[in-house]
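Dumping the structure here so I can ask a few things about it.
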Amino acid sequence: MAIEITRPGKYSLVLSTPVLPAAGAVGFGDSYKALVDYDKLGAIVTNPVTVEARSPASGTRMIALDAGILLHTGLPNPGLVKLIRQQRKVWAKMPVPVILHLAATSVGQLRRGCAILDEVEEIAAVELGLADDMEVADAVRLVKSARMEKPLLARLPFYECYQLAEPIADAGADALVMTAAPRGTARDPNTGRLVSGRIYGPLMKPMILRMVGRLRRQIDEDVPIIGSGGVHSPQDARDYIDAGAVAVQVDTATWVQPKMLERIARDLGGWIATRHKNAFLDEWNPDMGHTEAIERRVSSDIAGDAN
Amino acid sequence: MAIEITRPGKYSLVLSTPVLPAAGAVGFGDSYKALVDYDKLGAIVTNPVTVEARSPASGTRMIALDAGILLHTGLPNPGLVKLIRQQRKVWAKMPVPVILHLAATSVGQLRRGCAILDEVEEIAAVELGLADDMEVADAVRLVKSARMEKPLLARLPFYECYQLAEPIADAGADALVMTAAPRGTARDPNTGRLVSGRIYGPLMKPMILRMVGRLRRQIDEDVPIIGSGGVHSPQDARDYIDAGAVAVQVDTATWVQPKMLERIARDLGGWIATRHKNAFLDEWNPDMGHTEAIERRVSSDIAGDAN
Amino acid sequence: MKETQAYIERVKRVNRDSQRLELAVDRSLSSLLAGQALLVRRIEKDYESEHWDPYLRELWFPVEVQTSNIVVVEQPAKAQFVPGQLLSIIGPVGRPFRFRRKLRNILLIAYQTTPAALLMMLPSLLTKQVSITMILMGTARQYDTNHLPEELEIVRADDNMTWPDMVMTLGWADQVFAIVGQGSELHYFGEIMKLIRQRRNDVPANYIFGVMQRPLPCGVGACHACILKLRGEQKLQCVDGPAFDLTTLRLN
Amino acid sequence: MKETQAYIERVKRVNRDSQRLELAVDRSLSSLLAGQALLVRRIEKDYESEHWDPYLRELWFPVEVQTSNIVVVEQPAKAQFVPGQLLSIIGPVGRPFRFRRKLRNILLIAYQTTPAALLMMLPSLLTKQVSITMILMGTARQYDTNHLPEELEIVRADDNMTWPDMVMTLGWADQVFAIVGQGSELHYFGEIMKLIRQRRNDVPANYIFGVMQRPLPCGVGACHACILKLRGEQKLQCVDGPAFDLTTLRLN
């Protein structure tokens, strides 16, 4: 397969599989190397990076929700230059393209960041993270200022996606990622306080799938859309493709079931294998079986107290 | 308790408990009378009504999602006049105020609807349902045209809530309901087709809770906010109150656990009773126990085939 | 109708494919009749620490009311149930099946589904000496019937959804109850009606009933997701069903 | 680290409050050492028909590796587990505890939590003749220790989080491992450090370790939700933990 996930032209990005991890899901480099076969993915997207270093959020960073989580990390990172120094060799060895997620802060920082990144050949493309609550004019200005000799993907905020999609496409983004996880508020059961952060879970998918479906019919068809939000199964990924996305990003599902990221990638990349009858659970795709020896349980006579 | 859920003034609405079912949750009248003690609720909100009759949507109306559902009913109803004739007596007997949910279609229909409703004394207030994708100016025009001698609540659409809240409050709405369930798209497993509808589930709460928290700080404090979305427990309801809502609407949680609607209402209304140690599950609130006789299971020797 | 709680008292494999669950239920459910169903959710000890996936209640049609507080349901053998599991139940939902007063011969049709929702009527009809024939069509042909009463005549249809003496069976029957696979009910009922109309000039009112088993979001007539269009009117599956006269149902 | 699957082989009540689960695991987990944990999710037969509530994996610290493929964990008795339950496991997560080379006396402190995550070290330390004292403070005082090895000295602290001969115990110990309740780890560790500093002039490096058991969204160093601020640097609980020198951890 060869899937062009950015606007055709001088600097387009072509992947062999339309499945990527989302920014924030797999870290800055190869954190998942023991659990996921990177070779089967379309590309890697790094965690968000800022030009200046950022320290982690203090206080609660994670709250378990019903079928989901709230996360507020503060986007900790050592700053662009230091990160490149740390990760360059890892990126060079990656079997698939590396897309760096750059959090859009100010025009000045963005220009600096793009200039730096143009010199880093280990980075195949840049995904620009647009903050929530941004005015359309400001977002357009940021995208316009992020000119590079690499493809530029723009990741749209959730609540503003309908308003921003067309202006950002017109401003020159080579692809639109729909969307970043929405912000929300939940009560921390440990401290009793309301905490804000991003919301993740499978229920995001129907909302963002609708955005993708509708906006695909509205915006310039040269600009590919990448679906992101609630992709938890190969079927979820196929739904985004059917709705008009050229590729999908898999988010927190990777943490819950790391192999799922790979399975979705294999499935959409045409790697799917047939399940053998009576195969062990993780022999679904026979070459993915990891459990060497599950002894069948021998007795069920000692049951837990079920009262 | 006495909770004023609309703007203070000539036509304000005062409830004894800040918990209501949401439009669509409990039907047009007393469908839940066998399962919920209406007396304990703050008010009833009817299913959406239109001035003209509407027939049900054809095709798939419900899709089970991960921890949620998609629903697309087409808002079937016999039209305002016929409905009033059918339900008037039921409403008159309700122990709590009845709020009629009127779907905002056109200025003309809305004016007609309001004129009709002003004559129906069984209706204490009207909740105006604003459609998705509405321009701010159109929404404002609709609210301004809905003048009555009853309080007017406006239920805001999800995606446009941040933009609409302030203009709709300024246009004279006596309370804002945040929000209607968002529209989304999911694949019908039976037909294989993508279907659009409204999305319900507990993961709505963190997103809408944030809206309530932020908008409470922005809009005129005379205009009460009613939180609606993902209220599945007394704690969810209290979270909305803490974030600045004056009351909450309970949506599909009512279908999943009808008694939960009543329990939330009792809890926030100060009716909560202490759980007896070793009480049966549904004796949580002793006066709510419905199960007359659960014989304790006598044997656990015959287990199902668990392979 | 009430919201009550129950235990799974016993889990019993009845044949290759099916298991039966004996539920210790609230006594109000012992008056449940064939056609009425339960809306069931598995719950945990602490009613509040509920999980929300799956979200909706399942629609269970009992197959037997054993004693004053034991109701039996049939489930596929592959579903995992454990004795002691606590259930939350809303029920009874729906109206009992209405049988002809002088019913002598009844035809049951299951197409692309388990016939479980039709089994509850068997004991009382057999007691009344009613002759019962059950036709299994489509995937229903794989349904293992070893555990059903011997008096029942079971016919497995062929690939064309026909069976020997079809015209005769349809004439012989005083009443027909048909049940079909979920998700495409109206389409499947349409197929069945076409088959029948090809073999019977006149299909009278109250002759053939389609039993709906679509999931019910609320089960009490509130949500209107279960509306069915009938000739000249609209009815709710949860309140007016589950059985509808197939000559009046709009099968589009 | 691998993603593997396991069965709950046996569920055994060990005392009033606790049960132990014997897990039949992939052999790669038999080399797991004290301090390392498993990220566990209950799954169903069909890996795809997964429910998503609860969402995250649970962090389970084994208490024993029994044979080549049986790992034992301790859980509160009230949690419901059934033999035959299938689990998905990511592990081992984290680094083994590092003990002094000439360790003779070790002090274990559990405050507002079960000490389960500290139990895995017991057998090997006892074999090496290390003297072990376990202090239970706060709600940990309710922890039933009947099933623990007899050689273990168990002390229940008083309401002020002190115990007889406290100064002596703290001097006697070559090393201390403390574990505290979830959600307020840094606060609880702060309280413990205050207690210790009041009774010991100098708290050397590598003397007292705090064991973190906050939930880990990813467990592999990707999400950065488990970052801890240490003096002069940042570390990840999942990759660098679970034990951190409490003299370097920023307890704010």
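All chains are identified by letter, namely A, B, C and D, in their written order; residue positions are counted from 1 within each chain.
Note that in this section a contact is a pair of C-beta atoms (placed from the backbone, for glycine too) under 8 Å apart; a residue touches a chain by one contact, two chains touch by 3 or more.
Treat the numbers as computed from the prediction; the structure is a model and nothing was measured.
Asks: Which pair wins on C-beta contacts, A-D or A-C?
Replies: When A-C is set beside A-D, the one with more contacts is A-D.
Asks: Using mean Cα positions as chain centres, tell me which chain lies farthest from chain B.
Replies: D
Asks: Taking each chain's centre as its mean C-alpha position, how far apart are chain A and chain D in Å?
Replies: Centres of chain A and chain D (C-alpha means) sit 32 Å apart.
Asks: Between chain A and chain B, what's the gap in Å when you average each chain's C-alpha atoms?
Replies: Computed from C-alpha means, the inter-chain centre distance equals 34 Å.
Asks: With chain centres defined as C-alpha means, what is the inter-centre distance between chain B and chain D in Å?
Replies: 45
Asks: What parts of chain D, by residue number, touch at least two of the other chains?
Replies: Residues 45, 51-54, 80, 82-84 of chain D touch two or more partner chains.
Asks: Find every residue in chain A that makes contact with two or more other chains and list them.
Replies: 65-68, 201-202, 232, 300, 303, 306, in rising order.
Asks: How would one label the connectivity among the chains shown: line, ring, star, complete, or other?
Replies: Chain contacts: complete, every pair touches.
Asks: Quick one: in the complex, what on chain C touches chain B?
Replies: Result: residues 1-13, 19, 24-28, 41, 43, 45-48, 50-57, 69, 77, 80-84, 86, 88, 90, 182-184, 215, 217-227, 229, 234, 252 of chain C touch chain B.
Asks: List the residues on chain A that touch chain C in their complex, please.
Replies: Listed in rising order, the residues of chain A that touch chain C are 66-67, 306-307.
Asks: How about chain D: which of its residues touch chain B in the complex?
Replies: Those residues of chain D that touch chain B are 51-53, 82-84.
Asks: Using the touch definition from the top, list the residues of chain D that touch chain C in their complex.
Replies: On the chain D side, the touching residues are 44-45, 51-54, 78, 80, 82.
Asks: List the residues on chain A that touch chain B in their complex, please.
Replies: Checking each residue of chain A against chain B gives 65-68, 70, 159, 162, 182-187, 194, 196, 199, 201-207, 209-210, 213, 232, 235, 239, 242-243, 300, 303, 306.
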